[in-house]
Amino acid sequence: MDLNKLRETAAGIVSRDDVKYLIGWRRGTFGYRAAPYFVEDAAGVEELIFSPLCISNLAAYLTLVEKLPVPRGQEPDQRKVALLVKGCDSRAVNQLLVEKGIKRDQLVVVGLPCPGMVDWKLLAEKYPETEAPVEISWKGDDFLLLYNGQEIVVPRAEALAEKCRLCRHPNPLISDVTVGEPVQPWAPAEDSGVAEVEAKSTPERWAYWEEQFSKCIRCYSCRNACPLCYCEDCILDRLDPTWVNRAVNFSENTAFHLARAFHLAGRCIECGECERVCPAGIPLGKLNRKLAHTVREEYGFEPGLDPEAEPFQASYKPEDPEEFIL
Amino acid sequence: MSAMLLHKDKWSEFTGRLSGKNLWAPSLQGGIKKFAPVGEGDAVQLDAENTAVPPKALLFPQTETLFRFSEGQEDLEFPGLDEPVILLGVRPCDARAMAIVEKLFRWDYEDPYYLKRRELTTLIGLACNEPGLNCFCPSVGGGPASTEGLDILMVDLGESYLLEGLTGKGKALLEECKDLLEEAGADALQQKEQLVQEAASKIRRSVDPEGIPEALPGLWEDPLWQRVSAACLGCGICTYLCPTCYCFDIQDELEGAVGRRCRMWDSCMFEEYTKHTSGHNPRPTRRERTRNRINHKYSYFVDKFGVIACVGCGRCSNLCPVNIDLIDILRQVKAAP
Amino acid sequence: MSEQFEPNIVAFLCNWCSYAGADLAGTSRVQYPANIKIIRVMCSGRVNPLFVVNALQQGADGVLISGCHPGDCHYMEGNFYARRRLKLLKELLEFIGVDPRRFNMSWVSASEGHKWKEVVEKAVEDARAAGPFDQFRRRQIGW
Amino acid sequence: MTEKPKLGVYICHCGINIAATVDVEAVTEYAQALPNVVIARNYSYMCSDPGQLLIKNDIKEKGLNRVVVASCSPRMHEPTFRKALQEAGLNPYYLEMANIREQCSWVHEDREAATAKAKKLVAAAVAKVRLLEPLTSREVDAEPAALVIGAGIAGIQAALDIADAGFKVYLVEKSPSVGGRMAQLDKTFPTLDCSACILTPKMVDAASHPNIELLAYSEVEEVGGFIGNFEVKVRKKARYVDVSKCTGCGDCAKECRLAGRFPNEFDEGLGKRGAIYLPFPQAVPAKYTIDPEKCLFLTRGKCGKGPKCVDACRAGAIDFEQKDEIVSFKVGAILVATGFDVFDPVRKPEYGYAGYPNVITGLEMERLVSASGPTGGNIVIHNGEEEIVPKDIAFIQCVGSRDQSVGNEYCSRVCCMYTAKQAHLVKDKIPDARVRVYYMDVRAFGKGFEEFYDRVRREGIRYVRGNPSEIFKRGNKLVIKVEDTLTATPLEDEVDMVVLAVGLEPRGDARKIIELLRLSQSPDRFFLEAHPKLRPVDTATDGVYLAGCCQGPKDIPDTVAQAKGAAASALIPLARGKVAIDAQVAEVNEATCRGCGFCVSICPYSAIELVTVNRMGHMVEVARVNEALCKGCGSCSAGCLSNSIQPKSFRDRQILPQIAALGGTR
């Protein structure tokens, strides 16, 4: 990855009058963390990075930014937002366009072909986080760590994030400008996470998810980190009517997670943010991916590939599966 | 009885005996570490890492029924709170946090639920020999073997645990178990001192809070708040998992004609936290909310109670998925003009 | 102990076909188990799949949804949307280990009083075999 | 809305229909204890006058503001009890019914179980009724005009009836003249009166009626709006002839360089016309039209030294500069009378229609026997070798009807009789002709039909029961291979001419009308009526009515009857001047709507649109419901992720408490 090229491109974009800021990543404050980073001027691009730690999906910030009341007599800031996207992130942008969550003309998309990200928790098992940030880069198919002053090559298989093992679209599907050469997509791994759950008996599955959902502290990070969970007034926060009580217990947590997963059916672009941010380690991605499999295999649909696609849950085909109906 | 030794070969007998007294200890629950009840015969294993969910959840449950009601009936049903609890393996920072939070719950109104639970709880602390990456307790007045809030402090000496009764409650508990204990000698106490010093030296991160409470009001409109909050997801991780955060909401839950009034954790990082019925929100963005979180801990609480409402446990920095790092923020506060 | 478990089943029926079909079962004096309790909606397309989750959480042991046959929807397309949405919900429920016998969906027209009886009997038998669903009950767990 | 709910619960015995199985006293006692219930009563017949009086009195005396009636299906008596509420001064939508008869007492025998269930159903109704909202059904003004699409006999008749009732009618016809299929027919069965003689006066009436605006050679392009307020756009295609000047003299057509070069559609291709033409002599309007796909000047920009028609026309009516014109207007009702196509027998290759000039369709036969037809009514045919007067003639029935192999399972209803009529006409014109009719069944069900069929057979026309398997040529004859299924004898019949009694099919361009008007099709692909028996001229789209063969095959009397029926239905909104809009429609919470447009995609009625609103200084899109178009199905609501769109009376906040009540303790 040519960081200079990226910074140069970014500098050009943020210098434009019609661009408010560019959302990218910068080095984190310790260990393996990379932080979302809002670049407002050309000077700021020096801190921009794109490394195997830039796993987070920045598209979430497109809708996370609050729309404050515009004082009377003033105009809302109509400048564009520039965004760095990997393949998966770009699908979120497409899906947001499908749902009119954002407008294309308010967006500058910088595509970054993505060779795959690391799951730092896998790395930390062997190389614990250090106070000083660890530099990581790609080396061929593998990852190169600069760890306590030492260069260490970590084989791809040892640290590649699960979502990247399953990835079908490493190259951005929408962008105004692309930095870097397209990567050769790799054969997506079989989704063993989902398969393992499916292989269980019904009571075993229940027991599995009972343990998982019981851990939930309802911090809503899964919802907030999701680029496609952006209702300004989420029904799961609402009191009239109350769909899910605020109380934290297995019953409400389960209802919460079912609603969250269901609302993403046919919309989830499998960026894995929900699972990554969960402080309780609930494998939320499995729920989304299970439905994504169904949508892909039984309906032949994959969200986020086409900004003009019909929204899946707001469309139907006469020949949709109905073998389950009496 | 002051300092006692519990040899590790008596550990299971010790925990077994306590397990009959509603004992809770850290345990891995589906991959997340938190306090869980110890059943009879359950092994209790204490390791270096602190729980992700702080033990505040036992004194201040995430969801707590205040009372139950039926529509059309005047009588309310209150939950009985009378069972003593023993928490084993509480870290000094988390115990300090309870002492800090108690100030709030004793303040203008004595909260019966919290205080009753506090009274019923015996805290057996475990000094930290191996502090975590983001631990910075000494910076905010604690330490790896701080005793504040604890009834018993326990130090892992390798072959045995050193147990110091700190309160009447703690001493009485040790007394009950004295057949399993032996008097600690000077060497044990010396070993403890050495371990604690070693632990303190292993703490890698620090920030000097000197001047922060005074500086914060002047930084109200400083651009740093925009900078440090831009990446914030507005989730509840940092506050829910903070041992000194105590905000709650009270809601009624109904099913048909029966219901309960309960209180549950709330978070100042949530948008609805300060949202008025009118729709107006005095803390309209994550900037104001982040600013509030820091001000609350490092300024308002200090003003009211004379102590920083942060114990340096590092959870917020560890668990924030977008690397919003408290120590980094505090450093920026100090560096601000 | 030998007394058999009587499941509680909440059903959502569209006004024009299935509710009318259930009415026809009544006027035809077709007999079926009383375990089923019907909520009338105008169209199966109105059934928010989260109603199913809510019903299971609030004490239903099984849920049944019934609408017009494809092509017969009074509103032309509502049942097609229902079919797609509820299939996804069904997959999700099964994936988290909810016994698939707790969820049934059917097409019952206004003239299919007898089919309605068969559908109800199946839903009741299914839910009975799946047993009481207390593991998810709001009041059982939270209160 | 903040008024505390005060409920009355009324449990009906329905004689013993309910009371025999459900312990109504126990249910009453149970209901009385439910929250907000002021009074619970039971009575033998709630729907009777005294039963309703109980409710009305309680509303007045006890100040009830919500009512639950536990009785029969709401599909039965909801209107009854709503009216009762209204008469007592309460909003009629403050009613919820518990169906404890059709869905409880009649289907369960166990008294205990039925009673327990009835209690739950009452509890659910009580839970819901507390949260119901008052609704008012609104009325909007209806435009006092109608659009009639298609000016065949159905469209003409309907237009005349509506116009005679005093309302404006826009009569839109795709082809250059009105008249439709009926104008092509010779005599009509069973009375043998001349089709043109009875139709032509009506065509003239339609064109000259002061209330009818005839838009011939025009097509409907766009229909928006809803009953009472349709907004219509019609494309008036350019004729390249100024109709205000054209006298219909025909001098132009005689001079056209291409005169007689193209098959004339009206004559089913048996006659010829030029590039400028009048479809048939009695055409209304009697104005010439230039075929833009044929005219040399229009296709190549050049016609000899100059278009001869221009020179020929003394009125100076030819205008090559003419352009299509879009006409917009509003109507309150739309009547669809777009007619049919005949089955194309090329799809039955075994009959050789494509290859043999002496195999013709029934409609071609109509033109052949017509005095105004290309042969002046003489039956002459080319057999491939020479022009002859056929002496051996066979008719084959059910071509393209009752035939699953071509996808037409239905009977076309007119072929048996038009075959009998044509057989009769053949006998009339060629008395020595040998005429056979191959049939599957003869359906002579109408007034005078069986009598006519008997008459034809008495005239010496032979009916052979059998479905021919093949037609091939032998010498200058056609050979029909067929099995006489009554005698089980295989036959080979040598004939000079075969007439295929082709059936009726939906028009090839029906899809356009479906999309314009949101119509549905029945399995036979004809337009679907709202109810096959009780609403045969209505459609699922309010304000759109059907007449004639677009709804299904029918003969002229049935078509006219249906046209008059459809006209009467269409007159209802026009005559009232108002249309009621359903009160139970969807509503958007614009504050929470995120403008994703899912509801817009979902709505089968195009009742939802995205509009831009100012949300605290930001221009954002939100959904908005056109209440006049919304039918309240609620499909939008279940597809809305923020649950911002909700059908009134079936809102989430009204349904979730029902669920809670039905769940509850087991």
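Observations, loosely collected:
All chains are identified by letter, namely A, B, C and D, in their written order; residue positions are counted from 1 within each chain.
The criterion applied here is as follows: contacts are C-beta pairs under 8 Å (C-beta built on N, C-alpha and C of every residue); 3 or more make two chains touch, one makes a residue touch a chain.
Owing to the predicted nature of the structure, the values given are computational and were not obtained by experimental measurement.
Chains that touch both chain C and chain D: A, B. Between B-D and A-B, more C-beta contact pairs join the chains of A-B. The distance from the centre of chain B to the centre of chain D, with each centre set as the mean of the Cα atoms, comes to 73 Å.
Distance from the chain A centre to the chain B centre is 31 Å, each centre being the mean of its Cα atoms.
Separating the centre of chain A from that of chain D, both taken as means of CA atoms, is a distance of 50 Å. Chain B and chain C have Cα centroids lying 46 Å from one another.
Along chain D, residues 591, 602, 639, 643, 652, 656, 660, 663-664 each make contact with two or more other chains. Residues of chain A in contact with two or more other chains: 68, 242-243, 245, 247, 249, 313-314. Multi-chain contact residues of chain C, defined as those touching 2 or more other chains: 49, 54, 57-58, 77, 81, 85, 138, 142.
Arrangement of the chains shown, judged by which pairs touch: all-to-all, with no pair of chains left without contact. Those residues of chain D that touch chain B in the complex are listed here as 34-35, 123, 127, 591, 660-661, 663-664. Listed in rising order, the residues of chain A touching chain B in the complex are 28-31, 33-38, 56, 60-61, 64, 66, 68, 128-131, 211-212, 214-215, 217-221, 223-225, 237, 239, 242, 245-249, 276-277, 279-281.
Put simply, chain B touches chain D in their complex at residues 71-72, 254-257, 279.
Chain B meets chain A in the complex at residues 29-32, 52-53, 62-63, 133-134, 204-205, 230-231, 233-237, 240-241, 249, 251, 253, 262, 264-265, 267, 270-272, 284-286, 317, 319, 321-325, 327-328. Within the complex, the chain B residues that touch chain C are 63, 65, 68, 253, 255, 258, 260.
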